[in-house]
Structures are given as C-alpha cells and as structure tokens.
Amino acid sequence: MKRKTRIGLVTSGGDCQGLNAAIRGVGKSLFQYVDNIEIFGMYDGYRGLMERDYKFMEPSDFSGIIAQGGTILGTSRQKYIPGKAIVDKDGNDMMPAMLDTYNRLNLDCLVILGGNGTQKSAKLLKDAGMNVITLPKTIDNDIYGTDQTFGFQSAADIATSVIDYIHTTALAHSRIFLVEVMGRDAGWLTLTAGIAGGADVILIPEIPYDIEKVASLIEARKRKGRTFSIVAVAEGAISKDDKILSEEERRKKKDANPHSTISYDIAAQLERLTGQEARVTVPGHYQRGGPACPYDRVLATRFGTAAARMIMNREYGYMVGVVGDEIVKVPLDEAASRTKFLPVDHPLIQTARDTSTSFGD
Amino acid sequence: MKRKTRIGLVTSGGDCQGLNAAIRGVGKSLFQYVDNIEIFGMYDGYRGLMERDYKFMEPSDFSGIIAQGGTILGTSRQKYIPGKAIVDKDGNDMMPAMLDTYNRLNLDCLVILGGNGTQKSAKLLKDAGMNVITLPKTIDNDIYGTDQTFGFQSAADIATSVIDYIHTTALAHSRIFLVEVMGRDAGWLTLTAGIAGGADVILIPEIPYDIEKVASLIEARKRKGRTFSIVAVAEGAISKDDKILSEEERRKKKDANPHSTISYDIAAQLERLTGQEARVTVPGHYQRGGPACPYDRVLATRFGTAAARMIMNREYGYMVGVVGDEIVKVPLDEAASRTKFLPVDHPLIQTARDTSTSFGD
Amino acid sequence: MKRKTRIGLVTSGGDCQGLNAAIRGVGKSLFQYVDNIEIFGMYDGYRGLMERDYKFMEPSDFSGIIAQGGTILGTSRQKYIPGKAIVDKDGNDMMPAMLDTYNRLNLDCLVILGGNGTQKSAKLLKDAGMNVITLPKTIDNDIYGTDQTFGFQSAADIATSVIDYIHTTALAHSRIFLVEVMGRDAGWLTLTAGIAGGADVILIPEIPYDIEKVASLIEARKRKGRTFSIVAVAEGAISKDDKILSEEERRKKKDANPHSTISYDIAAQLERLTGQEARVTVPGHYQRGGPACPYDRVLATRFGTAAARMIMNREYGYMVGVVGDEIVKVPLDEAASRTKFLPVDHPLIQTARDTSTSFGD
Amino acid sequence: MKRKTRIGLVTSGGDCQGLNAAIRGVGKSLFQYVDNIEIFGMYDGYRGLMERDYKFMEPSDFSGIIAQGGTILGTSRQKYIPGKAIVDKDGNDMMPAMLDTYNRLNLDCLVILGGNGTQKSAKLLKDAGMNVITLPKTIDNDIYGTDQTFGFQSAADIATSVIDYIHTTALAHSRIFLVEVMGRDAGWLTLTAGIAGGADVILIPEIPYDIEKVASLIEARKRKGRTFSIVAVAEGAISKDDKILSEEERRKKKDANPHSTISYDIAAQLERLTGQEARVTVPGHYQRGGPACPYDRVLATRFGTAAARMIMNREYGYMVGVVGDEIVKVPLDEAASRTKFLPVDHPLIQTARDTSTSFGD
C-alpha cells in the first residue's frame, strides 16, 4: 500500500487578501493529483503548530473560498528574535514544540504563507530540519526574490479608491488632503496607489522628503489655480531631517507608540508653511481586508498550485515567487536574507515624475 | 413677449454625494417645462453670489452628471455669525453684495443646496428679501424637518464598507478595531453604518459612553471566544465624564485643533483597560466623496424636480424635505431653527440593541 | 421549569440580498431576550420542512453573517398550485408532511422569509393551523402591504452600476444600448435603476410601450447631437400591441421559454427603425447576488428583530412590513391577496418624466 | 527660435478602460519636458483626422482624467479593408484626407491608441509616410508583441465580479449558470475571469469544447453534492463540431447577426442533456465601461510616458508594449502582423486545470 503524503498548512503574520486563493490552490491540486494525501490546517499560524491545534482538511474545505477575505485558518503574529528563535511571551524557544508536532503528525512538508518576517522564521524551521515551502503574502510587496506578492494589488486598489474619492471632494474645497498608505518601511504601495490615484505628491521611505519643498510645490499649484493638493504619505515616510534608524530601532519606536501616524504631523507642518487647511485620512487596516482582487486571486492560485507541484517533486526549502511572468523557486535562505525596498532608480518612480508628481526631494 | 424666468443655483458648505443629481433635477425640469428659463450657476457657493462669478447654464450642462461625484459648480464654506450675518474674513457683512447680484441678474429665485449651516444662512437671505428654496444636503442627516438628506446613504455605504473590510482582517487577529465615522455632533451616520456593518460597540454623541463599560464588554466577548471587537466611533462621541459643551464651544474646540480625532484616545484607554491591542481607522473625507449611491440619486432627483415645481408655482421660502415617502415643503424658518439630533428613543437604537450591539452606556 | 420556545426558520423562493441580515436579526434578538429558546433552521426552504432536514442553530450561527450574500440555510422554489396547495413534482400535497414536522418539533412558530409567491404559500400553512410570521424578501418589490422589500435596493444598486458603466462606453459610440433589468411583472426595479442611472428610455410592464415612439425619441436625441441612447428594459416590459396576458398565462409562457429575453427583439426592432446599431446587456442573476447594501441590511435587521418581538408577544399570522418609516404588521391574508404593481400615477414616474426620461408611451 | 513639436492624438476602435490614463501620460510628459509642444486631440478617432476635427489641447486638459472612464476624445470604428485601406462607407480610400490633415497641421507624429485592428490600420498610415507610435488598448489582450494591453485587467475585474455575485445566488439553487464573457476570438479574458471567479467550466475559442463532456462534468458535480455549476463562456467559444472559420468568415457571421450570443444555445443544450435548469448572464459592454482599475492606470501611464519619451527621441514606427515587467518597442509591422491567441500550453491553462476547472475538452 502506498504510504500517505502529509502536509501542514500555516498562514502566519498579518493577514492580507489572497490567502484563501493560495490555500485553495495548494489543496485542490494535491487532492487532484496525489493519492493518499492528508492536509492538516494549523489554526492561527505557528500557534497551531506549537499547540498541535489543527483542522484535518477535506476537499470541500477548499471549495467556495477564492473570493473570501481573511484566511479560513486564522493567523497570528509570533514573537521572533531575528535570526535566532521563535519564542513565546516568556522568551522560551518554541522550536521543540513545533518540531514535535511536525514529527508526531509525520509531516512531509509545511507550506507556510507569510510576509517578510515569516520568510525569516520559516528559514529557522528549515534549519531545524523540517521540509518547508513558503508563499509570499503581504500588501507591502517587500519580499526579496519575487517581483510580486499577493495582497499587494488588492491593497493598492483600496488605497487608490480612497484617493479617487478624496479627489471628488477635494475639487470642491481649497485644501491639502493627506492619505496615509500602509507598506511598512517600503514605498511600493504608496507609489502604486499614488500613481494610479494621480496624487500630486508622494512621500515614501526610500526618498526622504524636504517639507519646505513639499510646501513650495503646493503653493506653486495654488498659483496656477489648482486650489487643492493630494499627498499620498507612506506610513514609513521619513523627512530629510530625520535620523536614519536601523530596522530594529524603527521596530522599537513603533512598539513604543503603535498609534503614531506620521500624517497628522505633516499636515500641521504644511498648514503652518502654506496657510492652507489640511485634512488627513488614515484608511489603516481597511487596506488589508475584503476579497482579493482578481489579479491577486490568479497570482495566489498560481503560487498555490506551484507549491503543490513542488511537493509532488519533493523540492523543499524554497519560497515560490514570480519574476516577470514566470513562476520561480527562490532558495529560502535567499528570500529570508533581506527586505526588498524600492530601488530609487525604479522605472515607476520615473513614471511618477513624468506625470508631474513630486517626491518632495 | 413672455418675460424670462431667472434662477440662481448655489451649492454651499462642505460637499457631499448627490449634489449633481439634485442640480440636474432642477435644471432638466425647468428647461422642459418653463419657457424663457435662464439658469445662473454660482461658482463656489456664496462666493459666486458675492462676486457675481457664475456660469450661464445650457441644457447640456445638466446632462451626464448624475453619477459624477462632487459638484459641477464648486462650493465653499462661508464665515457665518449664527443668526446674524454672512461675513468675509474681515468681518464685513456680505449681504449687500449678494443682494446686489440677485437684483442685477434680476433673479426670481435662488435654489440653495446646503447642510445645517446653510439652512440658517439661507434664512438670512430670505429675511433680506430674496426668494429662496433650499435642498437638504449633508452626510450628517442632521437637518430639521426632513427624515433624510441626500449624501447620508452614500456616506453610510462607504463607512459600512470600511467596517466590512476591517471585519475580515479582524477575524484573523486578536484585537480591538476602532473606525471613526463622520457625522459632526449627530450620531445618525455612525449608528447606521454600525448596524449595517455589525459593529460590536457604537459610540454616538447622543448617548455618552462609559469607557469602563466598553472595556468590560470587550473583555466579556473575549471570554466567549470572540477574540476581536469592532467599535464604530462617531467623530462627535462624548464620554460620560466629558463636560457637556454648547454648540459654540464645540465649534471653537474643533477650530483650535482641527486634526484631533477622538479614536486614538479611546484606543489608548481601551488598550490600558483590556490589555488587548487596538488599531484605528479614520476614513475621513473618503466618506464624502465618489459617486452618489442610487438611493441618494433618486432622492436628490426628487428634491430637485420638486424645487422646480415650486419655482413654477412661485412657492418660495421653503426647504424641500421628505417625510416617510412623501416630499414636503418645510418653512425655512423652521428648518433653520434647530439641529436634528438622534432621539435616544429612536427605533434604530433599539434595533441595534436587539442585535447585541452596545452603546457603552 | 419554564417551557422551551421553539422556532423554525425557512428561506423560500428565489434568493436575494439581505436574507442573512434578517435571519441574524431574528436569532440575535431571540437568544438575547428569550430563555430556553431553540431555533431550527430548515434546509432549502420548504424542502427542509417537508423532510425534517434542519440545523439546530447556536448563537454563533448568527454571528458574522450580515455581509454575506445568499442564505446560510439554502432555499428552493416549491411547486405551488395557487391558492390550493404546495405539492411535490408528482402533484402530491405536501402539507401533511410539513404539519408533521411542525408538530414533531413542537414548534411555536415558523418565520418564513420569502417573496410574493411565498406569502401565498405561507398563508396555506397558516390556514393549516401553523403559527406563521413572514418577512418580505424580493428584488422585485412587488409584495402587497409593505413599501419596501429587502433585496430591492441592493438589486437597484447593481442594475444602476451596469447602466453607469455602459454610459461611459456609450459616450464613445453612436449606438443604442439596452440593459435588461429584472423585476418580473412589476416595474419597480427598472424604474429605480433607470432614474438613478439616467436612462433615456424606461420600459416597464405597467406602461406598455409604442416601439415607434421609442424610435422617434432616439432619433430626436441624435438630431440634438446625443449620439447614443440608453434604454432600461424591464424583463416584463410589454408593447402596446401585445395581448395582455393573465398572471397564469405569463407564467406558462415563461416556463415554455425560460431563456427568452425581450431585449434582443426590441434591439432588432430599433435597429430597423433607426438605422443605428443596438447592443444588449443582460445582467440576469448578477442582480440577485453579492452582499446586501447597507440600506437593505438595516431594513432586514429591523424586520428580523420585529419578528422576534412578535414571537415574544405571540402575534402570529402576520407579514412584517414597513410603511413610510414605520414597521407594521400586515395580516397575512392581506399580504397574500395580490401583487403590488407600480401605480401609473406613482410620484417616481413623474420624477422620471421631469428629468426628460421617456416611457415610450 | 526653436521650432514647435506638433503631435496628434487618436483613440480608435471600441473604447476600453485606461484610455484617459494613457492620454494623460503622453500629455503630462510632453508638456513637462518639451518646449514649444502642441498637441492636437482628434475627435472620434480617425474621423477627426479625416475631417480635421480636433481639439487644441491645453495642459489642464490632461488633469483630473486618470479615473475617468471612456475617452475624452471620443472614438469610432472605421471601416477597414484588411491590409489595404481605411475607407468611408462608400468604399473611398480615406488615406489622402488623413495625410492632408497630417501635413497641414505639420505634425511630427501621431500617437494612436487602439486594439488589434488599429495596429493594422496604423501600419497603413506609417506606410503612407506618417510618423506613428501606437499604444495597445483592448479588453481582449490579443495584440501581438505585448504581454498585456490596458483595459484587459479592468474588464477581468468586472467579469470576475459578475461570477462572484452569481456564485452567492447559485449556492442557493440547483442550477447551471452561464456567464458570457467578451474577448472576441481569444480566450484571455474568459480564462482569467474564470480562474479568478472559480468557474467550474471555462469554454474558450482556443480549446473547442465537447458539449457532452461539459454535461457529464456537471452531472458528476451533482453526484458529489455540488448542486450548481458555473460556466464561463467566451463569446467566441467554439464546439468541436463547429466548422473552423477563417477570421474573415467569423467577422461576416458576426456582422450578419450582431446580437447572437452563444450562451443561450449552450444553456439549452445543457438543460436537455442534464435535466437541470440553466440561466444565462450576458454582461456585454458593462465589461468595457467604468473607471480603469489601478493596475491598468499604472500600465497605461507607463505606456503613455514611454510614447512621450520616444517622441523626444524621434523613434517612430513602433507600438509600445510590455514584456515581463519591461516596457519595449515593438516594430509596428510586427505588432500588426497577427493576433495573439492564447497558446494551448499557456501556464494559466494548467493553473485552471490544477484547481479542477474543466475546459470541456
């Protein structure tokens, strides 16, 4: 009798659009092509793996979920000591518990869906001896080794829609409108939504801004009769005068004041410098919710089915990615090695400048 | 030869959805039924009337605009001394200038589209001898004498959509999510979006909240396994411990700190009381933008065509309103006399309680 | 010990938006206010009642469903001999089976969510001795005794959005565009979407059209430089030359050719009469799907909580309705007595005419 | 004194989403970087070029249009004799008239936005001696030399949304639902929307279907308890029994019966073969309308700014395209040489099969 193939599914980190499409891609492929397949869906990410809390999944669990927001498995953020360990709140290394679940369930492979941090933690699992395949999910698009992550285009759609709506109301008032866009320390999301929404100014972490230049630009617009200006502000935008922080310092600062939003400060500065009223919109987690856009559903489905194929070929230790239009296998060590920031010579930055958008630099 | 009928159109105050549908209703009716009609569209609300800055409108100006956000005429907020005068920034009474435009253009009537404040200022124009008909536009739904204002349902749709999206992401995290909804000092918008979005807690100005009760409720949910809670917070929500401010004091406070948003404070309080993380979304002006929803388009069209009919009958000095499903004429003195707050015994408040939503009282 | 209260929930007929909001309203209220409540959710409408196929519902079943399209209980259309019986496909009366389930489960009341036909069939259950409360659900808005049904506004939103999108493409072509809107034999949906979408022509069953008048109107538009025309066609629209059919004859005709859509014929006629190209869009069941709009969610929640209150008061034999803004109890005999067509003197018809829309009459 | 640079803008063929974004990209770039630029916007495509009917465009014409559906210039379909001539309705060659406009206006280059047919006609203009740069616009994605055309993703979003909504209603009924998707003779749009919407069956021109296989599949689903099936049907889908038509024969057939939609026939066949009811949705031109999705806005902006750069470099005779993520110049002779059908070994077809979708082959 042919032995069983046993797979664990884990969605880890902040959730985003497309998780269910990817899960569905993995599950539908495996049930179609692999005899004796068993799939264990871990509840709430690594927590389920630590506590052996899972759902034994049937084929029907993978039906009718492609348009559903969130994740059918739940997720959680895990405390993580960079490059060292996944720990509980008391600092205990949780690797033994996870390895124990992996072994007891006799798993062939874990498929882990996660963002930047998850690539790093998944590498630890790989280093501890587990077979791991990861899928790149994040609205931030900041994962090294893939051109695109799923969730990104869906979030860009929402942020653009916010800018669009602000536009119709802005036309009627003589004001500055700031829209704070997510994306952590990378500017991908703000740049894309800013171009698509026709923002007048785009402030991103990769191009520190000069507030006086931003103010002059708004005043120049006013002189030309454009009575309003729309500024797309990345949550991680930094001023030329800011001290450059390391990733760890940034994280600490954020932890110290999780509700800080940079836009209110910029709004106050611009009001002072230009004499115009400014208004702030913070769409926040709205950008991570709702159904995935069709682009992300197709991308996530491709990622999911590619992972299934890799399982069939016993190709472990990779993140699935896309380069150009081709699905690629990225060694997990590489994917986990760094963050993919927006290169300052990226063609999209030039595209924005070509359509008269300023970066305040 | 039959004399001409001359009408001025004014959109005043903050913009909202449905203005163009209402304008279209007025214009299409008048051009269809009244010979020798001339319509003057004042640019930027009262400013156009003060400075005789207008567009002489053709029938084609009223075509193809029903789905367009904003207002084709522009709007502006005017400085207004309650019950006394509309003034420029130096405090000069602008009534003579407006009366002058009215007389020089030989207008039969002004149709003024505006919110709560506009009803009051329009009454001053009426008292100064101009023929005035007003239409109730505001996302706040706080105008006395009408059950509904246009803009309200469109804004409720947007705020609900934000709550919906937060819901899918909330399901995946163990957090408190606060969504700050507009509506000024009235709770209509937050209540409606809160019910439609299935918010767990709704905080509105008409029912001062007790933060400890809100915290207990969230903790009770957690004990029952509901790991997240969604709180719809009216921008004008007040705590039981807050001093009750007069309308003027509230306005002053807002002017002093236009960027203050109550939700960040509530979030910090709830984090301290419950130990759970809280996240804030401030959709802001996003709620006033974009195309009107079909409900508002129909309502605004009814209001606009009713105004046209009143012009034909020379019935001036009224605001057009709707009670139940009937279009009514509300004497402007009455419409301008007070703000329509949400009655604490309003059936919708009971509806919310019936579906286990708490007001934190 | 207090005896149990036992309720059955049935969603019957074609599905529409808002069913889950209504179900949630009933369930959340009952679990909150009634001790010892037991709720049985019948699967697939009357089928579940006939075959005693049901779900014993927990409080958690009513959570998180307000934004979900369709119905969590499933529905089915049942063969029904008007005024006489609910039968299976062999013509056997199914009342005894339903009564048997009702008695065996020892139910206090059935809450039945349905359209026009369901009001009639629910009356049969009442006449057979069961306690029944009904809720009016349909996108057609054709139920007697209530101003509004839930589902209607959601469908109007979708149909309007189709017309909106056609508008932007129509502007670029010199063509006639027909959009076929649902609504069975009543014109409510087409009229509302037609006004909201700014259709040039609206064809509804209540106002038989003259195809030559429609053609002239389109030609007159062309002469005025409007190179396109948009026609909103009710699926039940009838020409002046059509023989007037009885309800039964209409039903038979539809059964004989379920795929017939009137718009292709009208398009061919208009092409012949005007020499312009015509294009047809048939959004079909798209209009019944997706999440309910916030307006319908609030309405359905009000209906659901009102039904719960009636159960507490043992008020049976009614349909819950809304008149103006008030929730009302409509005796089921009355609600089931006739179809609510659009009165030809309805104010909305005048509103459409006031904005230059023609009915082709 | 530096001589003027004079550019003509032409939007040709059926309209689609993203035209205004592309136009804006061209205009904003040229006004920013080129001194003495003059842009002539031809009204209604080639018609404006033939009749010298144009708008002299100001910088402000390119502002605020990125989110606007349709095209600010209008478009028209021109009669075209493949490979030979652009003719008027009497068959007269219109090239001399267009050349005359080109010369009189002393144009340096025409930027022509169009689909498959337009690439071919633009080549004729090039061959006649005009400098031409084209941009690939079409919802069909069937233009040779580019991976993506703008309009495609926007249309895919709409078609997917239709399938999504049908899904919620399908869940409640035991029926077959057919959604007819545009795309002419290519299957790109149907395949993408079918994957994203989770269609059970996808019928595309590149894979002729066997109706009996489709029926068996639907019956197999039913046996497994899936009471409904969703079939995404390309408007150009062909059965295995159909005679393979040449492009010209297909065009003739379409011209002979422009209202024919294949889905009603397939629905009738499936009803006969399976005994289940089938329902048809034909979203039609709805798929070409409304605002471009953010993805298309960014793509169209990139194309537009690339065209501007080519104008600055005097690089004429190319279509702008995208391969992988790189903007490329495709010689117009090549772009016009053939139609880009979906290769039967395209990875997306495998992706669909991997998630249990059938092509009925």
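In order of appearance the chains are A, B, C and D, and numbering begins at 1 in each one.
The rule is short, and it goes like this: a residue touches a chain if its C-beta (ideal position, glycine included) is under 8 Å from a C-beta of that chain, and two chains touch if they have at least 3 such contacts.
These figures come from a predicted structure and were not determined experimentally.
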item: Minimum number of chain-to-chain contact steps, subunit B to subunit D; value: 2
item: Chain of greatest Cα-centre distance to subunit A; value: C
item: Distance between the centres, which are taken as Cα means, of subunit C and subunit B, whole angstrom; value: 31
item: Euclidean distance of C-alpha centroids - subunit A vs subunit C, Å; value: 41
item: For subunit C paired with subunit D, centre-to-centre distance based on mean C-alpha positions, whole Å; value: 36
item: Subunit D residues counted as touching two or more neighbouring chains; value: 164, 167, 171, 291
item: Graph class of chain-chain contacts, one of line, ring, star, complete, other; value: ring
item: Parts of subunit C lying in touch with subunit B, wherever the complex brings them together; value: 24-25, 28-29, 32-33, 63-64, 66-67, 147, 153, 156-157, 160, 164, 167, 171, 192-193, 195-198, 226, 291, 293-295, 297-298, 301-302, 305, 308-309, 323-327, 347-348, 350-351, 354-356
item: For the subunit B and subunit A complex, residues of the former touching the latter; value: 11, 14-15, 68-71, 74-77, 158, 162, 164-174, 177, 258-259, 264, 267-268, 277-286, 288-291
